[in-house]
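In the two assemblies presented below, chain A is common to both, partnered first by chain B and then by chain C.
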Partner chain A sequence: MTFVLEVLISALIVLGGIFALVGSVGLVKLPDLLTRLHGPTKATTLGVGGALAGSMLFFFGIEGTLSIHEVLISVFLFLTAPISAHFIAKAHLHEHVALRADLPPTGREHGWSTFDGVPESSDGEQAEHAPRG
Partner chain B sequence: MIEHALTFGYVAVSIAVLLNLWRLLRGPSLMDRVLAVDTMVINVIALIILFGIQQRTTVFFEAALLFAMFGFISTVAYCRFILRGDVIE
Partner chain C sequence: MADKAEIDKRSFLQRWLPHPLLTVVLIALWMLLLNSFSAGGLVMGALLGVVIPIITSNFWPERPPVKAYGKAVSYMALVAWDVVVANIEVARLILFRPVDQLNVRWVTVPLELRSPEAITVLAGTITMTPGTVSCDLSADGRSLLVHCLDAPDAEEAVRQMKERYESRLKEIFP
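On to the complex of A and B.
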(Lines of atoms letter the chains of each structure in order from A and count residues from 1; the text may use other names and numbers.)
(Lines give C-alpha, C1' and ligand atoms only; values in the text may rest on other atoms or scores of the structure.)
Protein backbone atom coordinates (compact mmCIF):
# COMPACT_ATOMS: atom_id res chain seq x y z
CA MET A 1 0.00 0.00 0.00
CA THR A 2 2.77 2.37 0.91
CA PHE A 3 4.59 1.43 -2.28
CA VAL A 4 1.56 2.28 -4.42
CA LEU A 5 1.24 5.57 -2.58
CA GLU A 6 4.91 6.37 -3.16
CA VAL A 7 4.60 5.57 -6.86
CA LEU A 8 1.57 7.85 -7.08
CA ILE A 9 3.30 10.71 -5.24
CA SER A 10 6.44 10.34 -7.36
CA ALA A 11 4.37 10.33 -10.55
CA LEU A 12 2.57 13.52 -9.48
CA ILE A 13 5.85 15.26 -8.63
CA VAL A 14 7.49 14.22 -11.92
CA LEU A 15 4.41 15.28 -13.90
CA GLY A 16 4.39 18.62 -12.12
CA GLY A 17 8.05 19.19 -12.92
CA ILE A 18 7.54 18.28 -16.58
CA PHE A 19 4.56 20.61 -16.92
CA ALA A 20 6.40 23.51 -15.24
CA LEU A 21 9.34 22.96 -17.59
CA VAL A 22 7.09 22.79 -20.66
CA GLY A 23 5.39 26.04 -19.70
CA SER A 24 8.70 27.84 -19.33
CA VAL A 25 10.04 26.40 -22.60
CA GLY A 26 6.88 27.77 -24.23
CA LEU A 27 7.60 31.15 -22.64
CA VAL A 28 11.01 31.16 -24.31
CA LYS A 29 10.25 29.56 -27.66
CA LEU A 30 6.92 31.02 -28.79
CA PRO A 31 7.03 33.97 -31.19
CA ASP A 32 5.03 36.83 -29.64
CA LEU A 33 3.48 37.78 -26.34
CA LEU A 34 -0.09 36.75 -26.99
CA THR A 35 1.05 33.21 -27.82
CA ARG A 36 3.64 33.26 -25.05
CA LEU A 37 0.83 33.82 -22.55
CA HIS A 38 -0.45 30.29 -23.17
CA GLY A 39 2.56 28.49 -21.70
CA PRO A 40 2.71 30.01 -18.22
CA THR A 41 -1.04 30.35 -17.69
CA LYS A 42 -1.90 26.76 -18.53
CA ALA A 43 1.11 24.47 -18.34
CA THR A 44 2.92 26.08 -15.41
CA THR A 45 -0.24 26.38 -13.33
CA LEU A 46 -0.96 22.72 -13.99
CA GLY A 47 2.61 21.85 -13.01
CA VAL A 48 2.27 23.59 -9.66
CA GLY A 49 -1.09 21.87 -9.26
CA GLY A 50 0.61 18.51 -9.75
CA ALA A 51 3.29 19.30 -7.18
CA LEU A 52 0.61 20.49 -4.74
CA ALA A 53 -1.45 17.32 -5.23
CA GLY A 54 1.65 15.20 -4.66
CA SER A 55 2.43 17.16 -1.50
CA MET A 56 -1.11 16.76 -0.22
CA LEU A 57 -1.03 13.01 -0.86
CA PHE A 58 2.39 12.77 0.80
CA PHE A 59 1.35 14.50 4.00
CA PHE A 60 -1.98 12.67 4.16
CA GLY A 61 -0.80 9.19 3.23
CA ILE A 62 2.73 8.94 4.63
CA GLU A 63 2.96 11.55 7.38
CA GLY A 64 -0.65 11.04 8.42
CA THR A 65 -1.52 14.71 8.79
CA LEU A 66 -4.29 16.27 6.76
CA SER A 67 -3.18 19.70 5.54
CA ILE A 68 -5.55 22.07 3.83
CA HIS A 69 -2.92 24.62 2.83
CA GLU A 70 -2.29 22.93 -0.51
CA VAL A 71 -5.94 23.19 -1.44
CA LEU A 72 -5.84 26.86 -0.48
CA ILE A 73 -2.72 27.53 -2.56
CA SER A 74 -3.95 25.59 -5.60
CA VAL A 75 -7.39 27.21 -5.53
CA PHE A 76 -5.73 30.62 -5.26
CA LEU A 77 -3.36 29.90 -8.15
CA PHE A 78 -6.07 28.44 -10.38
CA LEU A 79 -8.27 31.47 -9.69
CA THR A 80 -5.62 34.13 -10.21
CA ALA A 81 -3.76 32.72 -13.24
CA PRO A 82 -6.50 33.68 -15.75
CA ILE A 83 -6.94 37.09 -14.14
CA SER A 84 -3.28 38.02 -14.40
CA ALA A 85 -3.13 36.64 -17.96
CA HIS A 86 -6.13 38.79 -18.86
CA PHE A 87 -4.48 41.86 -17.36
CA ILE A 88 -1.22 41.22 -19.20
CA ALA A 89 -3.02 40.71 -22.53
CA LYS A 90 -5.06 43.88 -21.99
CA ALA A 91 -2.00 45.94 -21.13
CA HIS A 92 -0.21 44.51 -24.16
CA LEU A 93 -3.11 45.49 -26.44
CA HIS A 94 -3.03 49.01 -25.03
CA GLU A 95 0.72 49.21 -25.47
CA HIS A 96 0.51 48.21 -29.13
CA VAL A 97 -2.55 50.03 -30.43
CA ALA A 98 -1.68 48.95 -34.00
CA LEU A 99 -2.80 45.44 -33.02
CA ARG A 100 -6.33 46.79 -32.96
CA ALA A 101 -6.57 46.39 -36.74
CA ASP A 102 -5.86 42.66 -36.41
CA LEU A 103 -8.68 41.99 -33.96
CA PRO A 104 -11.65 40.11 -35.46
CA PRO A 105 -14.98 42.00 -35.60
CA THR A 106 -17.23 41.48 -32.63
CA GLY A 107 -20.34 41.06 -34.81
CA ARG A 108 -22.16 43.67 -32.77
CA GLU A 109 -22.74 47.36 -32.92
CA HIS A 110 -20.01 48.28 -30.47
CA GLY A 111 -16.45 47.13 -30.88
CA TRP A 112 -14.08 45.51 -28.42
CA SER A 113 -14.86 46.77 -24.95
CA THR A 114 -11.13 47.10 -24.21
CA PHE A 115 -10.95 49.94 -26.70
CA ASP A 116 -14.45 51.29 -27.07
CA GLY A 117 -15.62 51.46 -23.48
CA VAL A 118 -18.84 50.16 -22.01
CA PRO A 119 -21.79 50.23 -24.45
CA GLU A 120 -24.93 52.20 -23.63
CA SER A 121 -27.35 50.26 -21.52
CA SER A 122 -30.49 51.87 -23.02
CA ASP A 123 -32.13 49.67 -25.70
CA GLY A 124 -29.15 47.41 -25.28
CA GLU A 125 -31.31 44.38 -26.03
CA GLN A 126 -31.79 45.26 -29.69
CA ALA A 127 -28.33 46.65 -30.22
CA GLU A 128 -26.82 43.50 -28.82
CA HIS A 129 -28.23 41.23 -31.49
CA ALA A 130 -27.96 43.58 -34.44
CA PRO A 131 -25.29 42.44 -36.89
CA ARG A 132 -22.48 44.80 -37.63
CA GLY A 133 -22.66 46.90 -40.83
CA MET B 1 11.58 6.60 -4.83
CA ILE B 2 10.20 9.93 -3.69
CA GLU B 3 13.77 11.18 -3.30
CA HIS B 4 14.49 10.54 -6.98
CA ALA B 5 11.21 12.15 -8.01
CA LEU B 6 12.09 15.17 -5.87
CA THR B 7 15.51 15.40 -7.51
CA PHE B 8 13.88 15.30 -10.93
CA GLY B 9 11.38 17.93 -9.86
CA TYR B 10 14.12 20.21 -8.52
CA VAL B 11 16.08 19.94 -11.76
CA ALA B 12 13.04 20.52 -13.98
CA VAL B 13 11.73 23.51 -12.02
CA SER B 14 15.22 25.01 -11.73
CA ILE B 15 15.69 24.82 -15.50
CA ALA B 16 12.25 26.43 -15.81
CA VAL B 17 13.35 29.29 -13.52
CA LEU B 18 16.50 29.77 -15.61
CA LEU B 19 14.41 29.93 -18.79
CA ASN B 20 12.17 32.51 -17.13
CA LEU B 21 15.25 34.53 -16.18
CA TRP B 22 16.39 34.41 -19.81
CA ARG B 23 13.01 35.76 -20.91
CA LEU B 24 13.16 38.39 -18.18
CA LEU B 25 16.54 39.64 -19.41
CA ARG B 26 15.80 39.26 -23.11
CA GLY B 27 12.07 40.09 -23.28
CA PRO B 28 11.48 42.56 -26.08
CA SER B 29 8.54 44.35 -24.49
CA LEU B 30 7.64 45.39 -20.96
CA MET B 31 4.75 42.94 -20.71
CA ASP B 32 7.10 40.07 -21.55
CA ARG B 33 9.09 40.92 -18.47
CA VAL B 34 5.98 41.13 -16.30
CA LEU B 35 4.87 37.74 -17.62
CA ALA B 36 8.33 36.29 -16.95
CA VAL B 37 8.25 37.50 -13.33
CA ASP B 38 4.73 36.10 -12.90
CA THR B 39 5.85 32.70 -14.20
CA MET B 40 8.98 32.80 -12.06
CA VAL B 41 6.89 33.35 -8.92
CA ILE B 42 4.76 30.31 -9.79
CA ASN B 43 7.89 28.21 -10.35
CA VAL B 44 9.35 29.37 -7.03
CA ILE B 45 6.12 28.24 -5.34
CA ALA B 46 6.68 24.80 -6.88
CA LEU B 47 10.26 24.81 -5.54
CA ILE B 48 9.08 25.74 -2.04
CA ILE B 49 6.52 22.93 -2.06
CA LEU B 50 9.09 20.37 -3.22
CA PHE B 51 11.41 21.55 -0.45
CA GLY B 52 8.58 21.13 2.06
CA ILE B 53 8.05 17.54 0.92
CA GLN B 54 11.78 16.86 1.26
CA GLN B 55 11.98 18.34 4.75
CA ARG B 56 8.71 16.62 5.78
CA THR B 57 7.35 19.80 7.31
CA THR B 58 4.29 21.89 6.56
CA VAL B 59 5.87 25.15 7.73
CA PHE B 60 6.69 26.26 4.21
CA PHE B 61 3.12 26.37 2.99
CA GLU B 62 2.57 29.77 4.54
CA ALA B 63 5.58 31.01 2.60
CA ALA B 64 4.17 29.50 -0.59
CA LEU B 65 0.80 31.14 0.02
CA LEU B 66 2.46 34.49 0.67
CA PHE B 67 4.47 34.13 -2.53
CA ALA B 68 1.30 33.35 -4.49
CA MET B 69 -0.50 36.43 -3.15
CA PHE B 70 2.53 38.67 -3.60
CA GLY B 71 3.08 37.53 -7.19
CA PHE B 72 -0.54 38.01 -8.16
CA ILE B 73 -0.83 41.43 -6.55
CA SER B 74 2.43 42.65 -8.07
CA THR B 75 1.39 41.49 -11.56
CA VAL B 76 -2.00 43.16 -11.29
CA ALA B 77 -0.48 46.34 -9.86
CA TYR B 78 2.07 46.57 -12.66
CA CYS B 79 -0.57 45.98 -15.35
CA ARG B 80 -2.84 48.59 -13.80
CA PHE B 81 0.07 50.99 -13.69
CA ILE B 82 0.62 50.45 -17.43
CA LEU B 83 -3.10 50.67 -18.21
CA ARG B 84 -4.16 53.59 -16.05
CA GLY B 85 -0.94 55.35 -15.09
CA ASP B 86 -1.78 54.76 -11.45
CA VAL B 87 -2.14 51.75 -9.19
CA ILE B 88 -4.90 52.98 -6.88
CA GLU B 89 -7.05 55.76 -8.26
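On to the complex of A and C.
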Protein backbone atom coordinates (compact mmCIF):
# COMPACT_ATOMS: atom_id res chain seq x y z
CA MET A 1 0.00 0.00 0.00
CA THR A 2 2.76 2.40 0.96
CA PHE A 3 4.52 1.57 -2.27
CA VAL A 4 1.46 2.48 -4.37
CA LEU A 5 1.14 5.74 -2.45
CA GLU A 6 4.79 6.57 -2.98
CA VAL A 7 4.51 5.94 -6.71
CA LEU A 8 1.39 8.13 -6.83
CA ILE A 9 3.09 10.94 -4.88
CA SER A 10 6.18 10.77 -7.07
CA ALA A 11 4.01 10.86 -10.19
CA LEU A 12 2.23 13.98 -8.96
CA ILE A 13 5.50 15.74 -8.13
CA VAL A 14 7.07 14.81 -11.48
CA LEU A 15 3.92 15.93 -13.30
CA GLY A 16 4.00 19.25 -11.44
CA GLY A 17 7.67 19.64 -12.33
CA ILE A 18 6.97 18.95 -16.00
CA PHE A 19 4.27 21.62 -16.15
CA ALA A 20 6.45 24.16 -14.37
CA LEU A 21 9.21 23.39 -16.88
CA VAL A 22 6.82 23.80 -19.82
CA GLY A 23 5.72 27.18 -18.42
CA SER A 24 9.35 28.27 -18.33
CA VAL A 25 9.97 26.95 -21.87
CA GLY A 26 7.05 29.11 -22.92
CA LEU A 27 8.76 32.17 -21.45
CA VAL A 28 11.84 31.46 -23.59
CA LYS A 29 10.05 30.46 -26.75
CA LEU A 30 7.17 32.89 -27.10
CA PRO A 31 7.97 36.19 -28.84
CA ASP A 32 6.45 39.02 -26.77
CA LEU A 33 5.18 39.85 -23.33
CA LEU A 34 1.50 39.29 -24.02
CA THR A 35 1.98 35.75 -25.35
CA ARG A 36 4.47 35.04 -22.57
CA LEU A 37 1.77 35.89 -20.04
CA HIS A 38 -0.05 32.70 -21.06
CA GLY A 39 2.75 30.44 -19.86
CA PRO A 40 3.00 31.37 -16.19
CA THR A 41 -0.73 31.95 -15.63
CA LYS A 42 -1.58 28.41 -16.73
CA ALA A 43 1.24 25.91 -16.88
CA THR A 44 2.44 27.10 -13.49
CA THR A 45 -0.90 26.64 -11.72
CA LEU A 46 -0.89 22.93 -12.51
CA GLY A 47 2.85 22.81 -11.83
CA VAL A 48 2.39 24.13 -8.33
CA GLY A 49 -0.91 22.25 -7.98
CA GLY A 50 0.75 18.91 -8.73
CA ALA A 51 3.44 19.46 -6.13
CA LEU A 52 0.86 20.57 -3.55
CA ALA A 53 -1.40 17.57 -4.24
CA GLY A 54 1.64 15.34 -3.81
CA SER A 55 2.45 17.03 -0.51
CA MET A 56 -1.11 16.62 0.80
CA LEU A 57 -1.17 12.98 -0.18
CA PHE A 58 2.20 12.42 1.53
CA PHE A 59 1.10 13.92 4.83
CA PHE A 60 -2.29 12.21 4.72
CA GLY A 61 -1.27 8.77 3.51
CA ILE A 62 2.19 8.29 5.00
CA GLU A 63 2.49 10.65 7.96
CA GLY A 64 -1.17 10.18 8.85
CA THR A 65 -1.89 13.87 9.50
CA LEU A 66 -4.28 16.02 7.53
CA SER A 67 -2.48 19.05 6.13
CA ILE A 68 -4.65 21.83 4.73
CA HIS A 69 -2.02 24.50 4.08
CA GLU A 70 -1.71 23.23 0.52
CA VAL A 71 -5.35 24.06 -0.22
CA LEU A 72 -4.74 27.59 1.03
CA ILE A 73 -1.67 27.99 -1.17
CA SER A 74 -3.65 27.02 -4.26
CA VAL A 75 -6.56 29.29 -3.27
CA PHE A 76 -4.22 32.27 -2.86
CA LEU A 77 -2.53 31.39 -6.15
CA PHE A 78 -5.88 31.33 -7.93
CA LEU A 79 -6.84 34.68 -6.43
CA THR A 80 -3.58 36.46 -7.24
CA ALA A 81 -2.49 35.00 -10.60
CA PRO A 82 -5.29 36.57 -12.71
CA ILE A 83 -4.93 39.94 -10.99
CA SER A 84 -1.17 40.17 -11.50
CA ALA A 85 -1.58 39.02 -15.12
CA HIS A 86 -4.21 41.71 -15.63
CA PHE A 87 -1.99 44.43 -14.23
CA ILE A 88 1.06 43.28 -16.16
CA ALA A 89 -1.01 43.43 -19.36
CA LYS A 90 -2.33 46.90 -18.51
CA ALA A 91 1.15 48.17 -17.68
CA HIS A 92 2.41 46.74 -20.96
CA LEU A 93 -0.29 48.61 -22.87
CA HIS A 94 0.69 51.80 -21.05
CA GLU A 95 4.35 51.30 -21.95
CA HIS A 96 3.71 50.51 -25.61
CA VAL A 97 1.07 52.97 -26.72
CA ALA A 98 1.60 51.84 -30.34
CA LEU A 99 -0.24 48.63 -29.41
CA ARG A 100 -3.39 50.69 -29.09
CA ALA A 101 -3.82 50.59 -32.87
CA ASP A 102 -4.05 46.77 -32.78
CA LEU A 103 -6.78 46.62 -30.16
CA PRO A 104 -10.26 45.72 -31.36
CA PRO A 105 -13.02 48.28 -30.83
CA THR A 106 -14.86 48.02 -27.50
CA GLY A 107 -18.22 47.91 -29.22
CA ARG A 108 -19.21 50.74 -26.88
CA GLU A 109 -18.96 54.48 -27.21
CA HIS A 110 -16.02 54.59 -24.79
CA GLY A 111 -12.55 53.17 -25.39
CA TRP A 112 -10.51 50.76 -23.26
CA SER A 113 -10.01 51.95 -19.70
CA THR A 114 -6.21 51.89 -19.96
CA PHE A 115 -6.41 54.73 -22.49
CA ASP A 116 -9.77 56.36 -21.87
CA GLY A 117 -10.92 57.81 -18.61
CA VAL A 118 -14.02 56.68 -16.79
CA PRO A 119 -16.94 58.43 -18.50
CA GLU A 120 -18.60 61.35 -16.74
CA SER A 121 -21.66 60.05 -15.01
CA SER A 122 -24.29 61.11 -17.51
CA ASP A 123 -26.65 58.50 -16.16
CA GLY A 124 -25.86 57.28 -12.68
CA GLU A 125 -25.94 53.58 -13.46
CA GLN A 126 -22.98 53.64 -15.82
CA ALA A 127 -20.62 55.36 -13.45
CA GLU A 128 -21.62 53.07 -10.63
CA HIS A 129 -20.41 49.97 -12.42
CA ALA A 130 -17.44 51.50 -14.16
CA PRO A 131 -14.10 49.87 -13.33
CA ARG A 132 -12.64 51.17 -10.10
CA GLY A 133 -9.00 50.33 -10.77
CA MET B 1 -16.45 58.40 5.91
CA ALA B 2 -20.09 59.21 5.28
CA ASP B 3 -21.89 61.74 7.41
CA LYS B 4 -23.60 60.74 10.65
CA ALA B 5 -27.13 60.65 9.26
CA GLU B 6 -26.19 58.01 6.73
CA ILE B 7 -24.42 55.81 9.25
CA ASP B 8 -27.45 55.83 11.51
CA LYS B 9 -29.64 54.54 8.69
CA ARG B 10 -27.84 51.22 8.72
CA SER B 11 -29.13 48.52 11.01
CA PHE B 12 -27.09 47.10 13.89
CA LEU B 13 -26.17 44.00 11.89
CA GLN B 14 -25.20 46.01 8.81
CA ARG B 15 -22.90 48.15 10.93
CA TRP B 16 -21.13 45.35 12.80
CA LEU B 17 -21.30 42.58 10.22
CA PRO B 18 -21.19 44.37 6.84
CA HIS B 19 -20.16 41.17 5.04
CA PRO B 20 -21.31 38.07 6.95
CA LEU B 21 -19.91 35.75 4.30
CA LEU B 22 -16.53 37.48 4.40
CA THR B 23 -16.54 37.01 8.18
CA VAL B 24 -17.14 33.28 7.81
CA VAL B 25 -14.46 33.01 5.11
CA LEU B 26 -11.91 34.89 7.23
CA ILE B 27 -12.54 32.67 10.28
CA ALA B 28 -12.24 29.53 8.14
CA LEU B 29 -9.06 30.93 6.56
CA TRP B 30 -7.54 31.67 9.96
CA MET B 31 -8.33 28.18 11.23
CA LEU B 32 -6.81 26.65 8.09
CA LEU B 33 -3.69 28.79 8.50
CA LEU B 34 -3.26 27.51 12.06
CA ASN B 35 -3.57 23.95 10.69
CA SER B 36 -4.80 22.72 14.10
CA PHE B 37 -7.87 23.45 16.19
CA SER B 38 -7.70 25.46 19.42
CA ALA B 39 -10.20 27.64 21.27
CA GLY B 40 -7.75 30.54 21.42
CA GLY B 41 -7.25 30.32 17.68
CA LEU B 42 -11.00 30.41 17.15
CA VAL B 43 -11.35 33.55 19.29
CA MET B 44 -8.55 35.26 17.38
CA GLY B 45 -10.12 34.19 14.09
CA ALA B 46 -13.52 35.52 15.14
CA LEU B 47 -11.92 38.82 16.17
CA LEU B 48 -10.21 39.16 12.78
CA GLY B 49 -13.41 38.05 11.03
CA VAL B 50 -15.35 40.88 12.68
CA VAL B 51 -12.73 43.65 12.55
CA ILE B 52 -11.48 43.25 8.96
CA PRO B 53 -14.92 43.53 7.26
CA ILE B 54 -15.71 46.62 9.36
CA ILE B 55 -12.43 48.31 8.46
CA THR B 56 -12.78 47.52 4.75
CA SER B 57 -16.55 48.10 4.42
CA ASN B 58 -16.00 51.65 3.16
CA PHE B 59 -14.16 50.28 0.14
CA TRP B 60 -16.84 47.67 -0.49
CA PRO B 61 -20.16 49.18 0.53
CA GLU B 62 -22.50 46.70 -1.19
CA ARG B 63 -22.99 43.08 -0.26
CA PRO B 64 -21.99 40.64 -3.00
CA PRO B 65 -25.18 39.70 -4.82
CA VAL B 66 -24.57 35.92 -4.78
CA LYS B 67 -27.91 34.16 -4.98
CA ALA B 68 -27.25 30.53 -5.92
CA TYR B 69 -24.55 29.03 -3.70
CA GLY B 70 -25.05 25.50 -5.05
CA LYS B 71 -24.42 26.78 -8.57
CA ALA B 72 -21.35 28.65 -7.33
CA VAL B 73 -19.87 25.37 -6.07
CA SER B 74 -20.55 23.57 -9.36
CA TYR B 75 -19.07 26.58 -11.20
CA MET B 76 -15.86 26.21 -9.18
CA ALA B 77 -15.70 22.50 -10.04
CA LEU B 78 -16.18 23.34 -13.73
CA VAL B 79 -13.40 25.95 -13.59
CA ALA B 80 -11.05 23.56 -11.77
CA TRP B 81 -11.58 20.99 -14.51
CA ASP B 82 -11.10 23.62 -17.23
CA VAL B 83 -7.86 24.76 -15.60
CA VAL B 84 -6.46 21.22 -15.92
CA VAL B 85 -7.57 21.04 -19.56
CA ALA B 86 -6.15 24.53 -20.16
CA ASN B 87 -2.79 23.49 -18.77
CA ILE B 88 -2.53 20.51 -21.09
CA GLU B 89 -3.74 22.59 -24.04
CA VAL B 90 -1.28 25.44 -23.46
CA ALA B 91 1.56 22.99 -22.77
CA ARG B 92 0.83 21.33 -26.12
CA LEU B 93 0.81 24.70 -27.91
CA ILE B 94 4.08 25.79 -26.27
CA LEU B 95 5.92 22.55 -26.98
CA PHE B 96 4.70 21.47 -30.39
CA ARG B 97 3.41 24.52 -32.27
CA PRO B 98 5.91 26.75 -34.10
CA VAL B 99 5.49 30.33 -32.89
CA ASP B 100 4.56 31.70 -36.31
CA GLN B 101 1.67 29.26 -36.62
CA LEU B 102 -0.09 30.48 -33.47
CA ASN B 103 -3.23 32.48 -34.14
CA VAL B 104 -2.49 35.18 -31.57
CA ARG B 105 -5.28 37.74 -31.48
CA TRP B 106 -7.29 40.16 -29.38
CA VAL B 107 -10.99 39.64 -28.94
CA THR B 108 -13.67 41.85 -27.40
CA VAL B 109 -16.16 40.12 -25.13
CA PRO B 110 -19.32 42.22 -24.71
CA LEU B 111 -20.49 41.82 -21.12
CA GLU B 112 -24.03 41.19 -20.00
CA LEU B 113 -22.93 41.01 -16.38
CA ARG B 114 -23.21 44.29 -14.50
CA SER B 115 -22.04 43.78 -10.92
CA PRO B 116 -18.31 44.43 -10.40
CA GLU B 117 -17.98 41.20 -8.39
CA ALA B 118 -19.37 39.10 -11.25
CA ILE B 119 -17.15 40.80 -13.85
CA THR B 120 -14.11 40.23 -11.64
CA VAL B 121 -14.90 36.53 -11.34
CA LEU B 122 -15.45 36.26 -15.11
CA ALA B 123 -12.16 38.04 -15.88
CA GLY B 124 -10.30 35.81 -13.42
CA THR B 125 -11.85 32.68 -14.90
CA ILE B 126 -10.92 33.74 -18.43
CA THR B 127 -7.32 34.32 -17.37
CA MET B 128 -7.05 30.90 -15.74
CA THR B 129 -8.57 28.93 -18.64
CA PRO B 130 -7.52 27.79 -22.16
CA GLY B 131 -5.07 30.17 -23.82
CA THR B 132 -6.86 33.39 -22.86
CA VAL B 133 -5.81 36.30 -20.63
CA SER B 134 -8.20 39.14 -19.81
CA CYS B 135 -6.24 42.35 -20.25
CA ASP B 136 -8.52 45.36 -19.99
CA LEU B 137 -12.04 46.56 -19.46
CA SER B 138 -13.76 49.22 -21.53
CA ALA B 139 -14.00 52.58 -19.79
CA ASP B 140 -17.70 52.11 -19.11
CA GLY B 141 -17.18 48.55 -17.82
CA ARG B 142 -19.30 46.88 -20.48
CA SER B 143 -16.77 44.92 -22.54
CA LEU B 144 -13.70 42.90 -21.73
CA LEU B 145 -10.48 42.85 -23.76
CA VAL B 146 -9.12 39.29 -23.99
CA HIS B 147 -5.81 38.20 -25.44
CA CYS B 148 -5.92 34.74 -27.05
CA LEU B 149 -2.84 32.61 -27.55
CA ASP B 150 -4.44 30.51 -30.25
CA ALA B 151 -7.87 31.42 -31.58
CA PRO B 152 -8.42 30.56 -35.24
CA ASP B 153 -11.97 31.92 -35.04
CA ALA B 154 -12.52 35.02 -32.90
CA GLU B 155 -16.32 34.79 -32.82
CA GLU B 156 -16.23 31.14 -31.82
CA ALA B 157 -13.84 31.96 -28.94
CA VAL B 158 -16.10 34.75 -27.69
CA ARG B 159 -19.21 32.57 -27.99
CA GLN B 160 -17.51 29.82 -25.98
CA MET B 161 -16.50 32.19 -23.17
CA LYS B 162 -19.98 33.68 -22.99
CA GLU B 163 -21.79 30.35 -23.04
CA ARG B 164 -19.50 28.43 -20.75
CA TYR B 165 -18.84 31.04 -18.07
CA GLU B 166 -20.92 34.18 -18.41
CA SER B 167 -24.29 32.41 -18.68
CA ARG B 168 -23.48 30.44 -15.52
CA LEU B 169 -22.30 33.56 -13.68
CA LYS B 170 -25.52 35.31 -14.66
CA GLU B 171 -27.41 32.67 -12.68
CA ILE B 172 -25.07 33.01 -9.68
CA PHE B 173 -25.07 36.84 -9.65
CA PRO B 174 -28.57 37.75 -10.85
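General observations
Keep this in mind: the second predicted complex is superposed on the first by the 118 of 133 C-alpha atoms of A that agree within 3 Å, B and C clash if a C-alpha of one lies under 4 Å from a C-alpha of the other, contacts with A are read in each partner's own complex, and residues count from 1 in each chain.
Everything below uses one rule, namely that a contact is a pair of C-beta atoms (placed from the backbone, for glycine too) under 8 Å apart; a residue touches a chain by one contact, two chains touch by 3 or more.
No experiment lies behind these values; they were computed from the predicted model shown.
Once the two complexes are overlaid on the shared chain, A:Thr35 sits against chain C while remaining clear of chain B.
In the superposition on chain A, contact is made by A:Leu46 with chain C only, not with chain B.
Once the two complexes are overlaid on the shared chain, A:Val25 sits against chain B and chain C alike.
With both structures placed on the common chain, the touch criterion links A:Ile83 to chain B and to chain C. When the two structures are aligned on the shared chain, A:Leu72 is found in touch with chain B and with chain C. Shared-chain residue A:Trp112: touches chain C; no touch with chain B. Looking at the shared chain after the overlay, A:Asp102 reaches chain C, while chain B stays out of its contact range. Comparing the two complexes, residues 23, 25, 37, 39, 45, 67, 69, 72, 81, 83, 90 of chain A contact chain B in one case and chain C in the other.
Contact residues on chain A toward chain B in their complex (touch as defined above): 6-7, 9-11, 13-14, 16-18, 20-21, 23-25, 27-28, 33, 36-37, 39-40, 44-45, 47-48, 51-52, 54-55, 58-59, 63, 65, 67, 69-70, 72-73, 76-77, 80-81, 83-84, 87-88, 90-92, 94-96.
Listed in rising order, the residues of chain B touching chain A in the complex are 1-2, 4-6, 8-13, 15-17, 19-20, 22-23, 29-32, 34-36, 38-39, 42-43, 45-46, 49-50, 52-53, 56, 58, 61-62, 64-65, 68-69, 72, 75-76, 79-80, 82-83. Chain contact summary for the complex, chain A toward chain C: residues 19, 22-23, 25-26, 29-31, 34-35, 37-39, 41-43, 45-46, 67-69, 71-72, 78-79, 81-83, 85-86, 89-90, 93, 102-114, 116-119, 126, 129-132. By the touch criterion stated above, chain C contacts chain A in their complex at residues 29, 32-33, 35, 83-84, 86-87, 90-91, 94-95, 99, 102, 104, 106-108, 110, 114-116, 123-125, 127-128, 131, 133-143, 145, 147, 149.
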